[in-house]
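Accompanying notes for the structure given below.
All chains are identified by letter, namely A, B and C, in their written order; residue positions are counted from 1 within each chain.
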Amino acid sequence: MKTLRSVRGVSFIAALAMAAGAASAQPAPIKAGQFLDITGGGASAAEAAKLGIDMAVAEINAAGGIAGRKINMISADTQTDPTVALGEAKRLVQQEKVELMFGPVISQVLIAVLPVVNEAKIPQFGATGSEAITPQAAPYYFSVLINAESQAKAMIDQAGKVLNAKSGAIISDSGAQAKSFVEAMKREMEARGIKLTGVQEYQYRATDMTPQLLTLKRGNPDTLFLFASSGEDAGNVLKARDDLGWDPKVTGNYTVATFADAVIRVAGKEALHDTTGLNYTAFTYCDANLLPKPFGEFVTRAKAFDAGKAGRLSLPFAAALYDGVFVLKEGIEGSGKTDGPSVAAWIEANGAKHTGILGPLGATPASHFLVGPTALSAVYPDRILPGGLQQRFGCK
Amino acid sequence: MNDLLIIVVHGIGVGAIFALVGMSFNVVFNASGILNFAQGNMLVLGALFAFLLLPTQPDLLRWFILLPAVAIGLALLLAVQGYVTLLPLRSSVEQHSWLITTLAASVIIGAILLIYQGSAQQSVRSPFTAIRFMGVRIPATYALTTGLALFWFIALHIFHTRVLTGLAISALSQDLDAARAAGLRVRRLQVTAFAISGLIVGSAGFVAAPVMAIANDSGITYVMNGFVAAVVGGLGANLGALVGGVLVGMLSLYAAYEYGGEFQNLVSLALLVVVLMVRPQGLFGRQAARRV
Amino acid sequence: MNRVRFDAATRLHLLLGIIAVAGSILLPALLGSAYWTHNFLIVNLFVAVAVLQNMLLADAGQVSFGQGAVFGLSAFTVGIVAGLWGHSYAAGFLAGVAMAVVLGLLFALPALRVQGYYLGFVTLSAAVVFPEMLVAFNDLTNGINGITRAVPALTTPLGLGLTPIALMVMALAIAALLFHATLRATRLGRRIRVAAVSPEAAMALGINPGALRFIAFTIAATGTGLAGALYVPVLGFVSPYAFRVDLSIFFFFSVVVGGNGQLIGPVIGVWILYLVPNALLADLANYRLLGYGFVALLIMLAFPDGVVGTIEALRRRRRLRTQVTGISVDRVLAWPGARPRPPTQGQAITVRGVRKTFGSLAALDGVDLAVIPGSVHGLVGPNGSGKTTLLNVISGFIALNAGSVAINGTDTSRAPAYRVARLGVGRTFQTPRVLEEMSIWENLEIGADVKGDHSNWLLALLAPFRTEWSENRPDLLAHAQRRVLEVLRTVAGDADILLLDEPAAGLSAAERRDFARLVRFLSERLGKTVLLVEHDLALVWKVADRITVLDAGQVIAEGPPDTIAADPRVRRLFIGGADA
C-alpha cells in the first residue's frame, strides 16, 4: 500500500507546487517514465539503454531541462514480462501521470502496453525491433534500434556487392530479434539470387557452437551471415570456426562490431580475420585524420559519468538511446507541446534536421524507425580507436 | 563420419560438466533426499573465481594452486547453504520447503552476480593449449572436465565404501530413521555431504570456466542438464550421473548438428521424459520412483 | 448426498479468503487506482490457479510443475481463436478451457506411471518446452510477437470503477476457494485424498487411484483454464514471454509458501510472492531479485510449514493437550438392530490351488480355502507361513501365479484390488491404514463413501460424536482405538466380507476381550463373513467358527476349533503354548 500513500503524497506535493508556481513562476518539472527491461531476457540491452538515458537526463537537467522544465524521472522494471509490464505502465501513466516515456528495449513488452500509452497519448521512444510496431499501432512511439530487417539489408549489401558472394549460410541465436532477422535474410537472399546453403541457431549464452558450424560447413557457403545478440556468443562462433579449421568470410551484424572487445576477450583478436560487422555510420571512420566528433565526445562523457558501466556496456547502443531523449526534447521544444500527436508530427516532419550523435533521422509517417539501413556501414570489428570508433570496410 | 567423431568428443567434454553437477546432486540427495537446485549457480561461482583469480596470461602453477583453493571455498559456502536448507526441515512435516530454500539460494547468488557485473558475461581463457585431433582443435578444457569427472567418480566410490564418514552417509541413504536410531549425527553428516558437493562443483566450475558462460542467468542451463543427467542415470547412482551426463552432452550436440540448434534443449528434456516413463528409477538407479 | 458441513477452521479460512479476494478487487477500484486494480486482477487470477494447485498437491498428492503451461495454453488458445482467427471472445474462451483440460489429461497420463517429484519433473519439462513451442509454431501462434486481443465489452467500467472482468476474476477466485472447501467435504474429495495418502487403503475401499488422479488433474486444469481464458481480457495481449517456466514454479511456490494444504494458503502465498517483488521491491531494480531471494528464504526459515501452515500447527499444538472421546466398542455393540445371517450354503470366499512365488520362494504353494458366508474363519500359522500373502491374494493386492480366487462365486483371480473391494470385500492392514491427514469422523465417512450411504446405522449411532470427531485427527486416539476405527470404517462401507490382518496385535488383554466381542457381533448380528489372520491363538479359538492352519505356504489342517486343537501336526507347530 506504500504506493497508494505515495500517490496521495504526490498529489499533495503537486498542489503545493502549483501554489508555489503561481507565486514564483518556476515551471513545474516534466515527469518522465524510464520503462526498461532491467531484469529478465532484455536485461543486457536495458542496462546499456539505462546508461544512455540517465546521461541524457542528467545533461538536459544541468542545462535547464526541456523547454525550461526539469525532467523528473520515475523508474520501472518490466522484468521482460508483458504481465508485469502492463502493471508498471499503468503505474507510470495513470498513477504517476508521466508525460514522456523512455524505453522499452523488447518489442513484446511494448506491444503489451500500447493500449495504455496510446490512450494517454504519451510521446515515447525505445529500442524495439519488431516490424509489427507500425505508426498505426504505436502512433506516438519511435525506435532508435537498427532493426533486424535493416541489418539484413545492410549485410546482404556487404556480402553481395562487396564480397561478391554467390551463396551464404545463416547462424543466429534463438531470440526474437534473430528470428525476424532470419526471415528477413531469407527474403533478401532470394531477391538477390544468393543461394542459402543452411540455417542454424544456438541458445543465447551457449559456448560450444561446433555442431552448428559442422552442419553449415557441409553446404560450403561463400559467406557466413552471423547474427549474434552478445559479443561472447559471436566470439564463440568465431572460435569454433577457427577450431574446425574452416574459413568462410563472416558477414556479421551490429553486435559483432559494437561488442568487438567481448569477441576478442573470448576468441582472441586473431579470430576476427575475414570478418565484418555493422555499425551506425555515425560511429565509424575511414581516414584516421578525419574523425566524426559527436560519438567520440559521447564516449568521453560516458566514461566520466560512470566509468564502470561505460567500460563494459555497448556505448553505441547507449548513445542511440541517449540521442533518443534529445529527439523527444527537440520534438517538445519544436512543437511547443507535450502531447503525443504534436510531438510525433514534429519528429516526422523535422527528423532529417536532427544534429545529434545519430545524425539525420529517417522517421516518416510510414515508419517510426529513426535509423534505417542506409545509416549503417560494414566495419572491421578489430580496428577500433580509443574513442570506440570503428574503421569502415574497404578503408585503409 | 569425421563430423560425428568431433561431436562425440565435444559431447563427452560438455557432458562431463553435466555429470559433475549430477554427482554433486547425488551426494546431497543420498544424505538428505534434497535436490540442491542452487548447484548450477554454485558451478558458475566456481567459474567466476577462476575469472577473478587467474591472471590473463597463462600461469599453470597458479592454476594448480587455485584449483583446490576454489574447491574448498565452495565447500565452505555449500556447508553454510546446507545448514540453512536443513533448518526448516528439523521442525517441520512440510517436505517441500527445501525446494524454496535451495531455489532462493540460487536466486540470491544470481542476484549478487547481477549487482556485481550486471548482465555481462565473463569468459576465461584456458592456460592449456588446445589438442589437435583429426585436423581440428579440441579445447583442452574438455579433456580436463572428462578427467575431473572420472576423478570424482572414483573418489566418491572410495569415499562411500572405504571411509567411515562416507559409509555413514551411505547409511543415511539406506534408512534415515535407522541411521538416527544407531546414533549417527545425521545433521552433521548431511552438512558434510553438502560440503563435499561443494568440492565437486567448485572444482568443476574452476576447471570448466573456459567453456562456460559466466553470467547471472547461466546457472539454469547447468542445473537443468546436470539434473537431467542425475535423473536419467538414476538419482543417487554416481555411475548413472556419469553415463547420464555424457549421454545428455552427446545427444544435445548431436541434435544440434543433425536437426538444428533449436532442438538442443528439447532433446535432453525428451530424454528425461522417456527415461522416467520407461524406467522411472533411471538407468542405474535402485530407488523406486514409482508408488502403487 | 448429505449436506456439506465445514469445520470451524475451514469456515475461518473461507471467510478470510473471501474478504481478501473481494477486498483486493473492490478497494482499488473504488479508490480509482488503475495500478493497484491491475495488480490485484493478476493476483486474484493467480490465486484461482494456486488454489487448484493446492488441491492437486495437498489433496490429490500430485506434484505438477506445469500448471503455468496449462494457464498459458488456455490464454494462447483464446488469443489464437478470438484474435488471429477473428472469432468471438466467447468462442475463444470455450476453446481455451477445452485445450487446458486436454493438457491436464496429458499430465495425468504420466501420473499413472510415476509419482512424487518424478512426476513434477515430467510436467516441468512440459512447462519448459511450452513457450519454445509457441515460438516454434509461429504460423499458428504468431510466435514471438504475441497476439493482441482486447475485449472492450469486459473492460468498460460498469460504475464505481468496477469492470465486468474484475467481477469475473473476483467470482473465479472466490469460486475456487469455495469449491476447494466443498470438495473436501464431499465423497469425491475424501476419496481423492485417500488415494493420495494411502493407495493401499484406497484400493481396499474400492477406489481406483489412477482414475482419481485423472479426475484431480481434470478439475485443476478446468479451473486453471478458466483463469487463463480470463487473462486475455485483463492484459489484452498474449506473448510467449508471459508463460515461461517461472510461472509454473510461481504457482507451486505460492502453495508451499502459503502452507501446503491450507485452504487460505495460496491466497497468502500469491500475495507474498507476487506483491513483494513486483510492488514493494519494484523500485529496487537490480536489487529486486536479491530482496526476493532473501524474503523467500527467511519466510521458509520462520515458517517451515508455510505461513498459514505454521500458524495452524501452533494452533493445533495448543489444542492437542485436550482429550478426545474415544470410540467405545460397547456403544457399537449396544446397537439394538440385527441383520439376518445369510444362508450358509455356497461360499463367500473360494480359493483353489493358489500359488504365489517371490523369486524362487513359494509363499503360497497350492492353497485351497473355502469360507462359509456369515462365519468367522480363522487363519493361523507361524511367521512366514503365507497368511498375509493369502489375504493379499484374496483382496487383489498381489497377482497370483496359478490357481483361482472367487468372491461369492464371482471369479476375481485377475481383478485389481479396488474391483474386489467393490464386490463387498473390506480389509484392514497389519499396520492400521488410518488416515492421519483426515479427521476421525472423515475416517469413518470414507468407509461410508464406498456405497455413498451416509445414513447408515453406524454413522447414525455415532452421530453424537460427529462435531468432536470432525475437529480432531486420529493421532489423538490410542492404538487399540485406531484398530477399532479401521474395522468400523469397513463396517461403515457395508462390506459383506471382512479380511482382518492381525487386528489384535499390540492390544491389552481387556482390549482383546472387547475386540473378540466386536468380531462375534460382526458375524452374529450383522451377518458379516470374517476372515481373521491372527497370532493370538486364544482369541482365534474363542471367536472362530472354523480354522485353517497354514505352514510354509501349504494348508496343513482345516476344520472346527476343537478338531484343529486336537490335530497332532498343529500341536507340534504351536508347541510351547497357545500364543505362538
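To be clear about the criterion, a contact is a pair of C-beta atoms (placed from the backbone, for glycine too) under 8 Å apart; a residue touches a chain by one contact, two chains touch by 3 or more.
As the structure is a prediction and not an experimental result, all values here were calculated from the model.
Farthest from chain A in terms of Cα centroid separation is C. Comparing per-chain C-alpha centres with the mean over every protein C-alpha atom, the closest match is chain B.
Rounded to whole angstrom, the centroid-to-centroid distance between chain A and chain B, based on C-alpha atoms, equals 37 Å. Once the centre of each chain is set as its mean CA position, chain A and chain C turn out to be 54 Å apart. Annotation for chain C: residues 286, 289 touch two or more other chains.
Touching of two or more other chains is recorded for residues 39, 174 of chain A.
Counting partner chains per residue, chain B shows two or more touched chains at residues 114, 118, 262, 265.
Those residues of chain A whose C-beta lies close enough to touch chain B in the complex are 39, 43-44, 47, 174, 199-203, 205-208, 210-212, 214-215, 218, 230, 232, 235, 242-245, 262, 265-266, 268, 309, 312-313. Chain contact summary for the complex, chain C toward chain A: residues 31, 33-36, 38-39, 42, 135, 138, 143-146, 148, 150, 231, 235-242, 244, 278-280, 282-283, 285-286, 288-289. Contacts from chain B toward chain C in the complex involve residues 35, 84, 87-94, 96-97, 99-101, 103-108, 110-112, 114-115, 118, 224, 227, 231, 262, 265-266, 269-270, 272-273, 276-277, 280, 289-292. Of all the residues in chain C, the ones that touch chain B in their complex are 110, 113-118, 121-122, 125, 128-129, 132, 136, 199-200, 203, 209, 249, 252-253, 256-257, 259-260, 286-287, 289-290, 292-294, 296-297, 299-301, 304-306, 309.
Within the complex, the chain A residues that touch chain C are 2-4, 7, 38-41, 75-77, 79-84, 86-88, 90-91, 94-95, 106-109, 111-112, 114-115, 130, 132, 174, 176, 179-180.
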